[in-house]
Structures are given as structure tokens and as C-alpha cells.
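In the two complexes below, subunit A is the common chain; its partner is subunit B in one and subunit C in the other.
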Partner chain A sequence: MKTVAVIFGGRSAEHDVSIVTALSSIIKPLELTKQYRVIAVYITKDGRWFTGEKLKDIHLYQSSKLEEYLAQTKSTGVVFDHGLKLLVPTRVGRKEVAIDIVFPAMHGTYGEDGALMGLLDMAGVAYVGCGVAASAIAMDKVLAKQLAVANGIPVSMFLSFQKADITDDTVGVVTQITAKLKYPIFVKPAHLGSSIGITRVQNDTELTNALEVAAYYDNLIIVEEAVQNLIEVTLPIMGLANNPQPALLEKPLTAAEDFFDFDTKYLQGGKKGGGKKGGTTGSQGYSQIPAKLPKDIYAQAGHVGLAVYTAFGCSGTARVDMLIDSKAGKVYFNEMNPLPGSLYAHNWAQAGVSKVALVEKLIEYALVRYAERQKLATTFDTNFLKQF
Partner chain B sequence: MRNIWQNVRTLYGIPRASALFVYMLQSVEYRAWPYLVWFWQTQQFGAVMHRRTLELTRAARFLRAGLFVGMLLQLAGGITLLYLGWHNLVTGGIWFGLALIMSYPLVWAHVVAVVSVVGQIAVIGPREARHIVLAERIFASHPGRRIAIAGSYGKTSMKELLVTVLGEGKKVAATPANQNVLSSHARFANSLVGDEDIVVVEFGEGKPGDVKRFTDVVHPTDAVITGIAAAHLDRYKTIVAAASDIFSVATDMPADHVYVNTEAEEAAAFMREGYQGYDRRGALGWRAQNISVDITGTRFELTKGTQTLRLASQLLGLHQVGPLAFAAALGLSMGLTEMQVVTGIGQTKPFEHRMQPYQLAGAWIIDDTYNGNLEGIRAGTELLASLEAKRKLYVTPGLVEQGDQTAAIHQTVGDLIAKSNPDVVVLMQNSATEHIQTGLTAAGYKGKVMVQTDPLDFYQHLDHFVAAGDVMLMQNDWTDNYR
Partner chain C sequence: MQVIVQDLLTSYSRVGKGKQVLILHGWGDSSASWKAVAKKLAGQHEVILVDLPGFGETQMPSIAWDLTDYANFIQAFLRKIGAKPYAIVGHSNGGAIAIRGVGQGILQAEKLVLLASAGVRGTSSQKGLYLISKVGKVMASPLPKRMQARLRRGLYHKAGLDLLVAEHMQETFKRIVRDDVRADAAYISAPTLLVYGEHDEETPVALGRQLHDAIEGSVFQEIPAVGHFLYRDAEKQVVQLAKEFLSA
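Showing the complex of A and B:
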């Protein structure tokens, strides 16, 4: 029986979302397969690692008992020794547990941004989901758009600025923006997920404030022209980069002028402005699956989603967010999420993939990719040192 | 080591142990021998009370309180002896005291079995005997037709079917739920008013001679034999023995008042001249045709001469056509109008846990967990094979009480499952699993097989296993006393 470590929590603003992803959509389905020994690896907000059966229970996190539990439990160590090994505390010391596969369930910084994937690559262990490059690019909204543009994938008009540009000359930045982009405009920190620090602005005053807010969160800020006649859609995709399989195009049921901020997404259950009827409750609240769109637009969005998945070199699973100008009939790439919240299992279930089948497939992709990487030569013998 | 510690905690914790022993006794209907077998085969007492909890009936409360007090007294006696022995006031007090302390769970686990046996003989038996004598008089003098429903399977469904269809034009009374033994027949007799046109009584055989005993009390005017299959073979030993008992219901009644489901091959040997058969081809001279089945129900036409009835039921499966045709034909023969019969059949729907479809996460689940025999599995797998689905899943722990035919029957189960060709087969880890797997392999099944070690966990997380477009058939369920 293979051992799978599900890593969640972490030093991220999306720490709590990560717990839900791990517990609801990964650990339980993996256990139900009866194919794997599943170890819950919880990373605290201050970066300590813990393992234990109790960490699989959502009630631990919902109560005040978490701190008490962590205070009474020894943290877990990590060793790179022909793969990844956890040093799990026991009553008399620590025992080594070799990990065959890692299933990251981390959102945001130090997890979804490629940092964890780099660690796992260094350890030489198979892991689920996108690799370092795809994850890092996806978490950088500026790089992501530049990569899309380079691959001929349409994006809305955008500009980017360093924090220093804004703090040194806010007026100049505002002038540059208004010369090239038309209101309404979105101002976003380039590296944060879950809509944190994002503001939609209509005039110069709001723009100035929004730039300051975004600069508070990040050193790189992206400013985008809002797409008119907007329909937001998202497409979960899974598979290896050369054979991605889409789920169903999903349309969040928000008013056109709204966007999902963190509060709407996670704290109000996606019910900003009141959830409309006929939707499905997913990790992002009420949404329409599949999105009711004209056939050609639906197909176009599918093509854009798959093109992004391939261009970014995604693997395992990802979710591509797109913006549609419904009057112009044009689809724009907006963002790529290398670890969709709760794996977007609600969408996959409607597409005919159960939670158990979903995690099984993701593990399968991880093992295929790992086997392929093992075949690659990364070192070779030279006489360089002898000549030195 | 962990098991030992858990067993100590469970057995020596007096409140927990007293509830556990009564739960085990209750689960086997207060039969001492199966209880003792279960007790001695149990390795993890902490995991016994898993699927459900103790039902606090009067008897259960009485036994639990008795156990609690008994164990407490023995423990107190042990501690007292230990104390006295320690202070040299009683010779050997330490050893006797320790023996009492160590043995109290074991002693009282057996005492409760004895109490149960004595209670059955001294209290419950005589009381039931009095009720049964009274019931016999009520049934014998009842002016209505008394229809006995006997068979290895499908009894409760047939009873409900007759109540629903015949109830459209007649006053019908029937034994409630799946209460089908003498004591429940006696309670039912007491509830009869006397003006019922039809009285339907379900005969739940469990051991040789049961059906004869029921017949002697109920005095049925008509008998419906719903099918013969391997069931309760731990007591009957052979299907022939079970069939002989079931067919004993027909001994003293006119042959044309005996209706037999002839789809079960085993019934053929017991058919006598004049018995009336029914199956998916028709019943009582009516012919069933143009049959269609989907997840929403079963539709067919019933014709006789120039008469045609278009019937639609929410019951699922081709195997339901025979019973539906029979209920319709019997209704017509008893004077119901065609409209009443069509309406009655239209109101028939799956009973709880018997081929009962419901939707979950966009998938269809067919709950047939109350099924418990091979014919039910045959019908279920036939239904699964006929349904359209993106993915088909079949779930079963196997069948209980199959005696020395356990291996052969479960290999047949594997064969039937393989023939319905589901994408995924989910089995529950128990004594039947390897036989089903042998059957699957022998039949060349190439799909995926999952073996679940915790059935409750599986059933509680069904939504994790299915997705839109799936059809999952769940057949049979094992309670805690089966392993």
C-alpha cells in the first residue's frame, strides 16, 4: 500500500481554505479508495509541520481545540533521503515514514506558488498537481498574462507597476494608467489569490486609493481594463499537459458589476447580492454548471482554457478563469489557478467524475509524470574537475 | 496490544459492557446460542456496536439494569473479599476477590444468556401461546378471504402490492411492515375488526416447520408463493427442505387458490395440478407484453381476449412484471374494475430499501439493501444490465445464512455480477468476499473491484463514489452480528 501525504494549511492567507480542500475533497476520498495509507500533514500559520489522525477531523479546526492539540503534540520533521521521509513523533522518539506520493492541498503563498513543488522536486518524490514553473507563473498575474500573450491567447488590456513606482510617484502612475486604459479598471496585487487586495475603480481618486491598497499587499501590481458586458466563467481541467480533459464550464451567479472578493468567496458562501436560483453550491458559492452560453462562446472558452493549460505546462489539475465580452462574443484569459479550491470536485461530479475517481486519477497522473521525469538525465560524468 | 486494551476498556466498563451484551442479544432476537457464538468469536468488543445502537425496549432496559447491578455487586464483592483477604480476615480472600473482579464481564455475559432463555421459556413463551390460541380463533372465524404470503423472497413486496391494488375496491388488512412471525400474527389478529374483505398475512419462515405452524394458526383461504431460493440455509440446510416448508401452506386448500411465482426454477418441482403460476409472461390467463423498464419504473400491457390494460408502476425491474400482473389479475378476478386496477398498479412504488431508487450527487442509487437472497441478486443484476448509465457500480457484502453452500452461492453471486458488467464492483470485507471475487474472476470480470473494510463509512460517504450519470445498485446489508 502506497503512502500519500496530504499537505495543507501553511503560511498563506488561504490557510483555512486549504484545510477545507484537504479534508473535504482529498483525504476522505483517498481513504475511501482503500488503496493508500493517507497521512495528514498540517502546516501551521507560523510554518510548523504536524501529522496525526486527529488532523483529519474538521471539528478540530472549528473549535478552539486546535491550539491545545498543537501545544500537546510534537511537530513533525522532514528528511530528504532517497525521497521524502517524515519524522513522525511517537511516545519514545520519532519514527521515519517514507512518503510515496505527496498530494499538496495548499493555496496561496508557500504552497500553491511553486515553493512546495520545488521542495518536493528536490526531495525527488512524486506529487500531484502542477510543477514549479506552472505554479509560479500562475501565481504571478503579470507573468501569466505575458505568457498568454506570447502564446496568442487573448487577454484584457493591462499594465504592471513595481511598488516603488507607486510609492515614489503615484500621480505619475495614475497618469500612465489613464492614458492607456479606460475605466472601469481593476487593480490587483500580482501575487495574491482569493481576490485579496483587489479593487474595481471608476475614477482617479478610487484608482489612487486602490493602488495604495494593492501596494500594501504586494511589490508588483497589475492594473487591468475591465471587460465590458462581462460574463465570468471558469473551467476546471485535469490531465497531463499533452492530454488535458476539461470538466464543465462554470458560471458564478454574480451580478455583472460584481466580482468575487475574499469575503464573498469564502465567508458568505458566494452569495454576494443574493444567490440566484438554479445554481449549484460549489466552493465559490452559487454557480451555473454547465454555464448557459451560446454554443460557439462555450466552445471558444473551452479552447482558451485548454490552450492556457498546455501553454503553462500544467499537470494534474488546474482551473482557468476567463472573462467573456458577451456582446463582442470574445473570450479573454483572466487567471490560472494551479490548485482549485476543493479541487472543484462539485464541478467534476457534474461532469461525471466522482470525488474518489478524481483523486485516483490525480494520483495516477502524478505517478506517470514522476516516472517520465525519472527517465530524464539530469547528471552526467565529465572530466571537468580533473582539468580544474 | 491495542485490541486487548480496547477490549479491557469495553468489557470492564460496567455501563458500556451492560449495554453491549444487551445490544448483542437484541441483534440476534434474544436467541442465546447465536449470541454466545457471536460473543466468543468477537475479537474487538469496542467495534461491535458499530452499525446501530441499542434499542431501549422494555426488555432491553430490564436486562441492562440487571446486568449493571449484577456486575456492580460482583465487583463490590470482589473488592470486599480482596480487602478482607489483605487483612487476613478471610482465608484466600485475595485470590477469591481477584477472581471475582477479573471474571465479572465473562460471568454476566453468560448470565444474561441464561436469563434470556429462562425468560423465553417461563414468561414470553406462555404469554405468546395464549395470544396465539386467541389469534387462531379470530382467524378461523373471520369471514373474509385470508391470503397467506409465503416464499424465500419478495413477501413484503407482494403483500404491499396486494394491499395497494386490492385496496382500490376492497377493504384490506395486512400484517404491518415486515412483521411476519407468530407473535406478530397474533397481535395483528387482535387488531382485526371483522368486516375486512381480505386479510393478508406474511409468513416469515426461518426454520423447518415455521410455515406449517403459521398455517395452523391463520387458516388461509389463498396462498401466494412468491419464490424459492437459498435462504436461511443455516437452519433448513437445503433449498428443498425450505421449499417443502413453504409449500406446506397449500396442503389444505383448493389447488386453484394457490398462486406460485414460477420464475424461480426451484418452484417447478413443487407445482401441483391446479396451482396457478405467474411470471413476467402473465398471470391467471392474462398476458403481459410490450414491457419497458427504466429507472423511473416498469410499464407493460396486460391482455386477455379483447381486453387490454396499460399498466405503469414505479416498481423497478422485469422481475416485478409477474407480481404486478398477478396483483392486477387477482384484483380483476375479485371484482375490481379495470380503472381501479390501473389506478392501484399506478400507485405501487418501491418500498424502503427494496429496489428503491433515489438521486445523489446527480447519480441514481438503487437501494436494495433489504434483499437477502440469490434470486434478488439475479433480479438486481438483470436490472442493472438493462439500465442506461455513464458508469455502473454494484455494491454488496454478499448473503448471510447460506450454511454450507456459502462458497458456491457466492461464486454464483460473482458470476451474476460479472454478467451485468458494472464498471466498478464494491465488496465489503467479510467471509463471503473471497468467494464473490472467485466468481468474478471465473466469469472473466475485467472491471474494477474495491473492497471496503468499513461498510458504515462507505455508506455514509456514498456521495464520494458517484457522479452525474452514474447508476449504483446496492444489494444486501450485513448487520453487526455477521462477519
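Showing the complex of A and C:
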């Protein structure tokens, strides 16, 4: 029986979302297969690692018992020794537990941004999902757009600025922006997820204030022209980079002038305005699956999604967010999410892939990628040192 | 939307079109509770809702503030977003901030609506302060943490729910409950509507009457059978009164 470590929580604004992803969409289905020994690895908001059966129970996180539990529990250590081993506390000390596969369930910083993937690559262990590069690029909105442009994938007009540009000469930055982009404009911190620090602005005063807010959160700021006649869609995809399989194109049911803020997306369970009829409740709230769109636009969005998945070198799973100008019939890439909340299991279920089948497939891809990676030469013997 | 005001990340929203109305929420409350009222006023006004520092999604001030600090913050906030409200609606502590701001000329408004406004300090807050000092002693005691928490909450209940709903703002609370606005109220010349709930225990009708006496030409309304949260419990009446007063 293979041992799977599901790592969740972490030093991220999306800490709590990660707990839900891990418990409901990964640990439970994995245990239902009865083929894996599943270890819950919970990372606290201050970065300590813990393991234990109790960490698989959502009630622990919903009550004030978590702090009490953590205070009574020894933290877990990590050892790199022919793969990844966890030092799990016992009554008398710590025992080593070898991990065959890691299933990251982290969202946002230090988890979804490639940081955890780097650690797992260093350890030399198989893991589910995108690698370091795809994850890191996806978490940088500027790099992501530049990569898309380099691959001929359409994006909305954008500019980027360093925090220092804004603090030194805000008026100059506003002039540069308004010379190239038309209102309404979105101002975003380049590295944050979950709509944190994002503002939609209509005039110079709002733009100035929004730049200041974005610079409060990040050193790099992206400014984008809003897509007109907007329809937002998202496409979950899985598979290896050379053979991606799309789920169904999904349309979040929010007003066109609105966009998901953190509160709507997570705290209210996505039910802005109480939801609308004909939608499906997923991890991101009410959605239309599949999105009701003209056939050619649906197909175009599918092509853009898959092109992004390949261009980024994604592996395992990812979700590609796109913006459609419904009048112009044009699809733009917006963002790529290397670890979608709850794995977008609700969408996969409608596409005919159950929660259990989804985690099994993702583990399969992880093992294939790991085996391929093992075949690559990364070290070789030389007489370099003898000559030195 | 967010904006940086006095180095604090400040959350606010604007809804509707027309003469601007600024709503200042009460202690422990946030602008989110005011969305229903704002929507109803939005037909005639542009309503500006802001989370006051330490509440809702606005950051907490790094030092304890008094009512003047809050009024100065609102002045800076309005300048930042380029707004000049025609009227200010303040509930409870938001009312006290409005009185301090307008009375001292920090804020400008052509009309003022004070709903269950606080600001008249009496013996009850002194009792609160005594209990808060007890809380400090509990925290410093050698009792187990869980027991400390239970005792602390018990004392908070006695001191009043206002502190219980915002434990993190304890020092600011101490300053605010000492800060009386009766002298400021006497300087208000803008037409003012005062509305109080018959069963309000936090800011009783008698307290409202004192403000009514202090603000020349003010109009006083009592809503029967409601308490402190009259904007929620008697939403229809409050909206109706505010609409009529603001459009007169």
C-alpha cells in the first residue's frame, strides 16, 4: 500500500480554503479507494508542520479546539533521505515514515506558488500537480501574461509597474496608464490570489488610490484594461502537458460589472446575491456548467485553455480563467490556477469524473511524471575534481 | 473597494446616484450591516459606506483613538476619495463621531441624522471602566488560560456588549467611553434629526433628549418597541424618516 501525504493549510491568505480542499476533495476520496495510506500534513499559519488522524476532521478547524490540539501535539519533521520522510511524533520520540507520493492541497503563497514544489523536487519525491515553473509563473500575473503573449495567446491590454515607480511618481504612472489604456481598468497586485487588493477603477482619482492599495500588498503591480461585454469562464484541465484533457467550460453566475472578491469567493461560499436559478453550487459558488455559449466561442475558449496548459508546462491539473468579449466574440486568457480550490471536483463530476476517479487519475499522472523525471540525467561522473 | 487613509487599509463602498450621504456605523458594527439601508437610500442619493478603523475590513489603528481621531480619519478619507457628503448618518458611536466632527468643524454636512447616537457619558460608562480594569487583573492572574477567558468574558458581559464585540479595541474603547460630545453638539448648526428606540438600553431615549436639547433646532423622533439597533429592527421607519428629512 502506497503512502500519500496530503499537505494543506500553510502561510497563505487561502489557508482555510486549503483545509476544505484537502479534507473534502482529496483525503476522503483517497481513503475511499482503500488503496492508499493517507497522512494528513497540516501546516499552521506560522509554518509549523503537524500530522495526525484528528487533522482529518473538519470539526477540529471549526471550533477553538485546534489551538488546544496543536499545543498538546509535537510538530512533525521532514527528512530528505532517498525521497521524503516525515518524522512523526510518537509517545517516546519520533518515527520515520517514508512518503511515496505527496498530494499538495495548498493555495496561494508558500504552497501553490512553486515553493512547496521546489522542496518536493529537492526531496526527490513524486507529487501531484504542476511543477515549480508552472506554479511560479501562474502566481505572477505579469509573467503569466508575458508567457501567454509569447505563445500567441490573446490577453487584454496591460501594463506593469514596480512599487517604487508608484511611490516615486504616482502622477507619472497614472499619465502612462491613461495614455495607453481606457477605463474601466483593473489594478491588481501581481502575486496575490483570491481577488485580494484588486480594484476596478473608472477615473484618475480611483486609479491613484487603487495603485496605492495594490502597492501596499505587492512590489509588482499589473494594470489591465477591462474586457467589454464581459463573460467570465473557467476551464479545469487535467493530464500531462502533452495530453491535457479538459473538463467542462464553467461560467460563474455573477453580474457582468461585478467580479468575485475574496468575501464572495470564499467567506460567503460564492453566493453573492443569493445565487441564481439554474446554477450549480461548486467550490466557487453558483456556476453554469457547461457554460451556455455559442458553439464557436465555446470551442475557442477550449483551445485557449489547452494552449495555456501546454504553454505553461502544466502537469496533473490546473484551471484556466478566461474573459470573453461577447460582442466581439473574442476570448482572452486571464489567469492560470495551478491548484484549483477543491480540485474543481464539482465540474469534473459533471464531466463524468467522480471525486475518487479524479484523485486516482491525479496520482497516476504524478507517478508517470516522476518516473519520466527519474530517467533524466541530472548528475554524471567527471574527472573535473581530479584535475583541480 | 479599498483605499489607504492615514496608513490604514480602509474598506468602503459607494452605491447610488445623487447628493452624497455618508453612513458611519456603530461600535463593533461594520458597513456590511448597512447594505440594506444604503440600497433603499440609493434611489435618491449616492451612499458612501465605510468600515471605521478596527472594524469590518479596515485595519486597526496602531494606538488607541478617541472621537477626534476618528473624525480626522473621516475627513482624510473623504478627501482621498474626492467626496463631499451633503449629509452624514451616524449610528451609536458613529453618531458620536459625527457630532464631534461637525461640531468642531472637522467635517462638513448640510444635514445630520443621528440614530441612537452615543456621546453622552454618564455613570454607566464609569462602571464599564471599573470592570475593564478588572479584566486586566484577570489577564495578569496565574489562573489557567481557559479559566481566564471565561472570567474575562463574564466581566465583559457586565461591562456591556460593546466591548465584548471588539475585544481587540479595548484601549480605544476606554478612551471613547470617556469622550463626551455634549459641548460639540452645541456648535452644530446643520438641521439635525435624532431618532431613538423606546427600548434602547445602550443609548436610552433620555440620553438622546440631552443631545436634542444641545443641538439647536434639532428634530427628535422616538420609535416605539425597538432597541439600539433600530436601523435593523425598524428599517422601514428609519429609512422613511431619513428619506423625508434628507429631501426636505
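Methods note: the second predicted complex is superposed on the first by the 386 of 388 C-alpha atoms of A that agree within 3 Å, B and C clash if a C-alpha of one lies under 4 Å from a C-alpha of the other, contacts with A are read in each partner's own complex, and residues count from 1 in each chain.
Convention: a contact is a pair of C-beta atoms (placed from the backbone, for glycine too) under 8 Å apart; a residue touches a chain by one contact, two chains touch by 3 or more.
Values in this document were obtained by computation on a predicted structure and should not be read as measured data.
Visitor: Which partner does A:99 contact after superposing on A: first (subunit B), second (subunit C), both, neither?
Guide: neither
Visitor: Kindly classify A:84 by the partners it touches after superposition: subunit B alone (first), subunit C alone (second), both, or neither?
Guide: The answer is neither, since A:84 touches no partner chain.
Visitor: Taking the superposition on A as described, I'd like to know which of subunit B and subunit C A:29 touches: first, second, both or neither.
Guide: In the superposition, A:29 contacts subunit B only.
Visitor: In this superposed model, does subunit C or subunit B come into contact with more residues of subunit A?
Guide: Of subunit B and subunit C, the partner in contact with more residues of subunit A is B.
Visitor: Of the partners subunit B and subunit C, which touch A:187 in the superposed model: first, second, both, neither?
Guide: The answer is neither, since A:187 touches no partner chain.
Visitor: For A:355 in the superposed arrangement: first (subunit B), second (subunit C), both or neither?
Guide: In the superposed model, A:355 contacts subunit B only, not subunit C.
Visitor: I'd like to know which partner A:213 touches here: subunit B for first, subunit C for second, both or neither.
Guide: second
Visitor: What part of subunit A is shared between its subunit B contacts and its subunit C contacts?
Guide: Residues common to the subunit A contacts of subunit C and of subunit B do not exist here, since the sets are disjoint.
Visitor: Can you check the complex and tell me which residues of subunit A touch subunit C?
Guide: Residues in contact with subunit C: 197, 199, 205-206, 209-210, 212-213, 216.
Visitor: Under the touch definition given earlier, write down the residues of subunit A that touch subunit B in their complex.
Guide: So the residues of subunit A touching subunit B come out as 28-29, 32-34, 348-357.
Visitor: For the complex, give me every residue of subunit C touching subunit A.
Guide: Interface residues on the subunit C side: 1-4, 9, 80-82.
Visitor: Show which residues of subunit B lie in contact with subunit A when the two form their complex.
Guide: My answer: residues 361-362, 390-391, 450-453, 457-458, 461, 463-470.
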